[in-house]
């Protein structure tokens, strides 16, 4: 579904990511773990097309998309949930969802029903301005916004960041069921142990801009193995 | 003695003028952060398009769209060729649009001469007692309201408008949602240009058609944009209403001279005491009320 | 110089003049003011008239008519056998540019005589330079009057002449209650003063007067106030493209009161540009309009024909254009009379009392330049515009300049002055 | 400091999972009262009571989005709180502008290194110094650079300094003003192990010289190396406040943030 | 340590100015000598004409300071220019003596400075920044034009001097210094030399300023307001001081202007004139003090030449060229040329033992 080959990305000429090669197969849920500043968010931005790579290539669904702009990638079926959620604060919940119609041009209709099923609070607040909602609600909206266009691949950048545990819990449960029910392939970045263990089928560990390890299901279950790459 | 009907008509007239003078400028500035110093020339192009079509035999109702279309096409071409390159340099875009304005005025003069024969004001007058007022000028206030309402609907109710606002709020995220942000900017600039053209088209019958005619809209346009504040449509409406009322009241009682001075004076007061403009003040009050209610 | 080379030079002179006419600078000019120079060097005329910017509409005909006069003179052998070259940059309706170009015309191009500017503001911008350099200068716009300056020949009609033509006529025709609207600047303020003076002289009464900013384009409240005052006629001294909107708006509002004006129609040809009946029932007091029915003007081969033959695309031949035209001929006469282009001697010749058969004057009459005041006793016309925007002459007579000559007592043949007098200082009604 | 403070609690170690850690005491150099910051509908900082004693080296940790940077911005005056008060050295500084707080002795180093890249290292430290020192600056500039170990780099343009050097330069700029309280936002993010050690040494040394520190940092090893006491922020509020060992062994903290050891 | 060269030029040099080499100063000296000799070889007209361009250059320099160095785009430099010009006219005509003219100069500059201070205070302490500063100053300019054009009536007379409305204020005297009997009056070549002197003194003064303590603060504010604030600077005050100073300089230029033409009118507040300084500085390079001046002289000369041709295409050509420069050379011509040529050699990174840049900390005070 998604492959990167020797991807090198940075701001200006200074690389943040170096020679990153990873693969995500159709239907997988893959995590990327790493400390703050390791380059996780940079990787996500490079994958959605907000940062141009200095070197290397990105292949999506068999097509090389290295030079595609973000909106083209989105229309090809890549959904993106930015790190700080970045909902459009002055638009209502419903309008936020509407913006994402461009995600996945192949999708026939917006999956309002589906996302409202997952996040009923959004339906209640459909006409509320997004900027006036709590962080957790904004996170749900950000997920719903990406999901509403029925993407084939979903990029999630630290979904637990700054969110109360109950919602983190809910998201940790929702994502795998989305993966299962809608067949959406998921690649996420996280540093919350519970979330990683609750969602990922396998994991890449990233340190100072390079992938240093790949963890299968067995090592994922091992707190210690994971913790090595996270905050402690 | 203040004649209330006179005052009302003068207010509507003034309101329409301020709103229509400002709206194109306000949308391009408010949505895109570009100060279009060629705004006056955009209006002029609208008026020229309309007048040329009318003089060629088209009825007024058909000539107005011609003027709007001419300005829109010009706006789109300029956005693609010039303005686009300067989105990250708003101050340079002022110099560039100034240069465009300079060239546009003189090109118009070279091609069409110093003046076009003008269109008569249609619709006649409303009579009341010893007074009468130009029907068309009064009607322009409804057009101004309609333009505001249409702009409101376009930017808050249509998919395009929602995407355009999303782009303005966060272009990166919008593009990651599949929005073609470049196109949003182009279309928004096109809408701003179209509205400037509409202003020119609508006022063409009431004015002398000369290449420099756009400058007579500039003071009101810029004053309205500055006093209106960040929220474009609300700001333009409030500026049109507030400044229009001041202008009409003082013009009515003391003459056009005092009317203009009063308008400028009030604008300075607003700038001094409401740094976020009229819309900022209104939204501030609304937010405070909401916070207290929740 | 041999006869042969003399002829060759003349040919070159003509070529240069033609280049000048095509719109390029005539070059170094040469031979300016010094008396007794050889008689075959070209005469350099500076023509600073707006061909772009706000005043292009009224300035362009001035430029064209000046070139017409120069071409006619050159074709007829020049002045005292000397061809005329022009220095005619475009001041672009920018007073700063006028200032620079005036300095250049005098100091660099060494012009023998200068025509420059439409607005009073322009005249006042360059007058310090003119006076510092003692430059012979023709100011040709109809204006507020009162300039008594030994270097300035203000040969257009004054407000007193223009208003003095139309106001008594309207009082006779329509009654004595007048409402004045005027542009809010020097010219408008002084013109309004003249309306009061003339009203009092004609037993009429100014109900109210209103000064309108030059930037104003919205006349709703003005129209309402006129309706409230209900005058017998309005005197309008509105100026510029913005103010033109008044006529459209008053027609649209159905205001049908007669309007007298010294500014509309003759200069910016509103009756040609605006849709009828915007100018219906408007009476202009002017010395000239394209429609003036004199044989010199409208007969075959007359002024109008010659103008449009040279400038087939020109939209209109306006009041100031005629003034530029005849004043070039007056200058020619003066140089011929003085036998030199020495500026002081030419001024003296002009002050000796030149007359000329200008297009504004009916067959057999001439208009006279008054040496004492440097103004012209014009043949003034009252022109009425009908609802089809046809213009007809309803009255005409010679109206001499009276203010400087009669009231102030300016006599530039006796005393050199550089003053502008205003009516407030002489009339109780004014100010 | 205000006498209405609810003093008395031992500020050292609080094991209680208190929703509010009321760290009030007369020995506090810095103290916030009921500090709240809302952005639209988001409550980034929720009635925080936070304080540090003079001479302390306090670390602030917490997951992304817990409100750490917002708290720092409130203390420096970059943000104006929706509610609450901030006391520094016994006076209410809530209404002071950022530069006034700096003049009162609160220094700050931003998260992203933001030295002036086109200026040399010396010119960078000159900038704070010239405001307070009359006359010739050469010696002070040299001293300020030496203090952060950049004497050799005086004439190097900041853009050409390594990431670690830029971090130290920025600390040096803030330290040049001799602040009583220095706030550092992620001083070692993106630094190598070696660079981290240098920054840690620097911070400890400056602390020994008498500067009170509040440091936001994710790197627990770094925190371990420098901190006396650690405050854990979570969801805009103080979650724990304790010695570093106690925090490391706290299950609740591990769960929300650290993961297991 | 300090060579004679450094003692002489050290304070004028620093990272904030282009031209920190002996070659530059030698070149400047030669250029100045040529400029000073210019009126001796050209006509009085050409000298006076060039003086006009140079006094415009001072206006450009004032904008370089506030825009290029402090990052504040003022569309209102012509407001201070105009205020000073009018004030100079009002005071000098009213007092009507050489001493009066002398006194009118500081009064006019002071008025412009105060106006700039008030406008700046109300913007910067009202937390107006960025493009809103540009649009507010632009509106103030347009308001002034509308207002001054309406001051034709008798009620707008100050002392004996009518403001004159649209027609403007004629009869403003030439610049003069001294009292009756012991006065120097400036016109023609002497006016040229006066303007040149003021320009050079202002230039050197500003170099001193921008390479001194305040200059560092100012440039730092332009680069990163938040950062500078955290070093204890009151950025509002820094901006206000620069803005006020820029207003004073623009005012001085306005005084020179009014006395050059013996005249001032409301067109100094027109959109077209208000935009000119921005154009000059954009073309010349806003971060270069000299660039703005050179561009001013070049552009104004060029525009005048075009006007003299009388061609209808003059303003079209100006507009098009301007557009090309803005699109092709965003940093402006002088920094571009500098980067392509001198900067390569002079580069700040090449800090050798005897280059003056080496010990700026010590010498810049």
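When the chains are written out, they are named A, B, C, D and E in that same order, and each has its own residue count from 1.
The working rule: a contact is a pair of C-beta atoms (placed from the backbone, for glycine too) under 8 Å apart; a residue touches a chain by one contact, two chains touch by 3 or more.
Since we're looking at a predicted model, the values are computed, not measured.
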{"item": "Contact-graph separation of subunit B and subunit C, given in steps at minimum", "value": "1"}
{"item": "Reference subunit A; chain at largest CA-centroid distance", "value": "C"}
{"item": "Which two chains share the largest set of C-beta contact pairs", "value": "B-C"}
{"item": "Reference subunit D; chain at largest CA-centroid distance", "value": "C"}
{"item": "Separation of subunit C from subunit D, taking each centre as the mean of its C-alpha atoms, in whole Å", "value": "77"}
{"item": "Between subunit D and subunit E, centroid-to-centroid distance (C-alpha), Å", "value": "43"}
{"item": "Rounded Å distance between subunit C and subunit E, as computed from the means of their C-alpha atoms", "value": "39"}
{"item": "Averaged-CA centre spacing for the pair subunit D and subunit B, given as whole angstrom", "value": "49"}
{"item": "Overlap residues in subunit B, where contacts from two or more other chains coincide", "value": "106, 109, 219, 257, 260"}
{"item": "For subunit D, residues that touch 2 or more chains besides their own", "value": "none"}
{"item": "Interface hub residues of subunit E, defined as touching at least two other chains", "value": "146, 150, 272, 312, 314-315"}
{"item": "Chain pairs that touch, as defined at the top of this document", "value": "A-B, A-D, B-C, B-E, C-E, D-E"}
{"item": "Contact set on subunit B toward subunit E in their complex", "value": "29, 33, 35, 37, 82, 85-86, 89-92, 94-96, 98-107, 109-110, 215, 218-219, 222-223, 225-226, 257, 260-261, 264, 267-268, 271-272, 275"}
{"item": "Residue ranges of subunit E in contact with subunit D within the complex", "value": "15, 213, 216-217, 219-220, 223-224, 226-235, 348-349, 351, 358-362, 365"}
{"item": "Contacting residues of subunit B [partner subunit A, same complex]", "value": "159, 162-163, 165-166, 169-170, 172-181, 290"}
{"item": "Contacting residues of subunit B [partner subunit C, same complex]", "value": "3, 6, 9-10, 13-14, 17, 106, 109, 113-121, 123-125, 127, 130-137, 205-213, 216, 219, 248, 251-252, 255-257, 259-260"}
{"item": "Residue ranges of subunit C touching subunit B (in the complex, touch as defined)", "value": "52-54, 56-57, 60, 184, 210-213, 215-225, 227-228, 230, 241-242, 244-245, 248-249, 251-255, 268, 270, 272-276, 278, 313, 315"}
